[in-house]
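You will see subunit A twice below: alongside subunit B first, and alongside subunit C after that.
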Partner chain A sequence: MDRNYHVFSDGRLERHNDTVRLVTLDDEKKFLPIEKAEAVYLHGQIDYNTRLVSFLNKHGVALHIFGWNDYYAGSVMPKRGQTSGTTLVEQVRAYDDLEHRVDLARKFVAGSIHNMRTNVSYYNTRGHDFESVLTTLEETRDRLEETTDVAETMGVEATARRAYYSTFDDILPTGFVFDGRRYNPPDNETNSLISFGNSLVYANIISAIRATALDPAVSYLHEPGERRYSLALDIADLFKPLLADRVIFRLLNRNQLTTDDFETDLNSCLLNERGRETFSKEFEESLEETVEHPQLNRKVSYQYLLRLEAYKLKKHLLTGEEYVPFKRWW
Partner chain B sequence: MTDSDPVDLLLQTARDEAGPEEFRVTGVMMQYYVVCKRELWFHSRHVEIDRGNAAVVRGTHVDETAYADKRKHVSIDGTIAIDVLDDGRVMEVKPSSSLVEPAKLQLLYYLWYLKHVVGVEKSGVLAHPTERKREGVELGEEESEQVEDAIRGVYNVVTSDSPPPATEKPVCESCAYHDFCWSC
Partner chain C sequence: MVYVIVVYDMQADRTRLMLNFLRKYLTHVQNSVFEGDITEGDLETIQNKTRETLKADESAIIYRMSSEKYVDRTVVGEDPTDDARFL
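For the complex of A and B:
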């Protein structure tokens, strides 16, 4: 699987002969090995032109852009090599059939609860007492079976995630408070890390969905929305505990990120450039971690698990074979 | 769905006489029919294959380079694409002899198609350039029946609402649908 490149500095990204190069404001030049790239993430103020976009398109490389405050601002995706009317029709059919839609929504939530539980359970055996949270997560999992519409399913998801987030204040080291999830903008260090981590998960899933002919705007748990890839939100919920939250715990508990890596404003707190760089590096390493896949009989990277999830959903929609959401098995 | 024989349906489609239901069978569908019916079903639903897959890259390369100076590509009705040698025989090139059966059926199907749709009778040759082997193939009565049975079989697979379940085969490992098929 190809890797992601993150650009944090300001400057210009351009095609130079048969490769891509970054020219920073102080005229430093860096080359990006385009042959091995899956996507380029732009976090700084970057100029680029159509020549670069055509070149990235030719190599099938996506450009994900993070704007002011590192909000995900959009993507320049390579032209679709694959489109499939059949897939889109089946996607919409499942959305339109309430029973089918609720079933899929429940599966995304069931997978999310399982993966949140795995993280809680890990810390429960390492000096924390999270028995009551584990109980809540089990209860929400049972309640999920009885939900009959999407709003109710969403409600169960929210309850589970609130219980899950309640463990963060205990897991995180002194100096980092959490005190509930807030965004737009995040109001403290932990919230800004969760926002940034989730947006990286989201962008990686957009790339994974793009490798199939699934339409990223047709979703089941989240209402298909304007101007966003809501199917990526459905799938992202499954992977946030594995990909984003573990990186947060690791970086803070090992002191690799401190309060100096943030910029605090009146009502917001965001990672600064150095902090984003540290986080992205750790995040990319986490994507490259591998695990033995029981059905594929080989090791696959965490990043490839995202691709497989898109395959699984597409296969379910096309064939009617059961979709089993990603549940961490190791 | 129709009650008519898929073989007739295919011939009507080829002659532009088919009604609303058209039925075309390409050479690669014949191969998949022998190799894996699940693969055939995925192919019929246009599931994208993994272009980076090693076997796909190899097959494409052998197909594009072997005997390039001695053969001509001919496309018929946009349905089948055959290679004709200087001596008029139809050639099918395969990267390895492990896929002889599917390649042979594909070649027989081409000969059958030429006979029934185009109206010319040809002989075939199955070539394995990497192993420097060639084998003559003729369309007799038995072979015709084999082709027609396969056409009916292909029809049954591609008109089903769902594919046959996955079963582990030696070819799975090099299949371009491998990860799609086994992801669960």
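For the complex of A and C:
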């Protein structure tokens, strides 16, 4: 599996001798092996030109841009290598068929409730008492089967997520409060970590969807909106507990991130450059973690699980084979 | 994936040929030394291209390990592969 490269320095990213080179402001030159790149994440202030964009396009490498204060600002995606009218037609058909759409929406929520539950029950056996949250999660899962429209399904997911987030204040070390999810902008350290973590999950899923012929804008749980890849939001919900939240717990409980890694402004709180770098490192390491896959009978990386999710969805749409959402099995 | 170390010895004015080529796949660790994780397919590409590039009196040696885990790697001084993915 190819890797993600993160650029934190300011400078210029350019094509040089058939690979990509970063020239930092103090004229340091660093090379990025293009043949091994899956995507490049830009966190610093970077100049680049069309020559670089067409070169990345030729190699199928995406550029994910994080703008001021690391808000996800957008992606420069390679030209679609995979196009399939049939897939798109089936994808839209499933969206248009209410029963089919609700069924898929429910599956995304069922998977994400399961994965939230895995995190909660992990900490439940480690000195915390989360029995009531576990019960709530089980109840929401049961209620899910009775939902008849997407808004209702979305409501169940919101209830589940609220219960799940209520455990954060207990799990996180002293000094870190959570007190409910807030964004645009995040108002405390924990919220800013969740925002940053979720945006990395989201960008990785955009790359994964691009590997299939699925259209990232046609979604089931989330309403397809303008100018956003809402299918990536659907799939991201499944993986946030595994990829973003576990990294947050790990970094804070091991003291690898402290309040010094944040910048607090009037009513926002965001990771500073060092904090973002620490977080991205841990995040990339967790993408590379592998697990034995029961159906494939081999080890796959977490990153590959994202791609498998896109493949499974596509296969479901094209062949009608049941879509089983990602549920952590280990 | 395999873990490889590539070292090469070429006429001084020709070394950039290998340098520029290998930079696309591996991390440049020292003059004429590269290392990193690659796929079998890329290793094949590297071998073929190396064969084409080298002249009669030049050579390249490719050490191949099935995984980085099998290398006991000690670096004295600064490690050039440190954070190769975080620029």
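The rule is short, and it goes like this: the second predicted complex is superposed on the first by the 330 of 330 C-alpha atoms of A that agree within 3 Å, B and C clash if a C-alpha of one lies under 4 Å from a C-alpha of the other, contacts with A are read in each partner's own complex, and residues count from 1 in each chain.
In this section, contacts are C-beta pairs under 8 Å (C-beta built on N, C-alpha and C of every residue); 3 or more make two chains touch, one makes a residue touch a chain.
Everything numeric here is computed off the predicted structure, so don't read it as measured data.
By the document's definition of touching, of the two partners only subunit C reaches A:Ser280; subunit B does not. Contact with subunit C, but none with subunit B, is seen for A:Asn4 once the two complexes are overlaid on the shared chain. In the overlay built on the shared chain, the residue A:Pro33 is in contact with subunit C alone; subunit B does not reach it. In the overlay built on the shared chain, the residue A:Lys299 is in contact with neither subunit B nor subunit C. Shared-chain residue A:Asp18: touches subunit C; no touch with subunit B. In the superposition on chain A, A:Val324 makes contact with subunit B only, not with subunit C. When the two complexes are overlaid on their common chain A, residue A:Lys315 makes contact with subunit B while staying clear of subunit C. Touch criterion met: A:Thr86 reaches subunit B, while subunit C stays clear of it.
Residues common to the contacts of subunit A with subunit B and with subunit C across the two structures: none. Taken together, the subunit B residues at the contact with subunit A in this complex read 41, 45-48, 161-163, 165, 178-184. In the complex of the two chains, the subunit C residues touching subunit A come out as 20, 23-28, 36-38, 42, 83, 85-87. Those residues of subunit A that touch subunit B in the shared complex are 81-82, 84, 86, 212-213, 295-296, 307-308, 311-312, 314-315, 318-321, 324. Residues 3-9, 17-19, 22, 30-36, 277, 280-281, 284 of subunit A are the ones that touch subunit C when the two sit in their complex.
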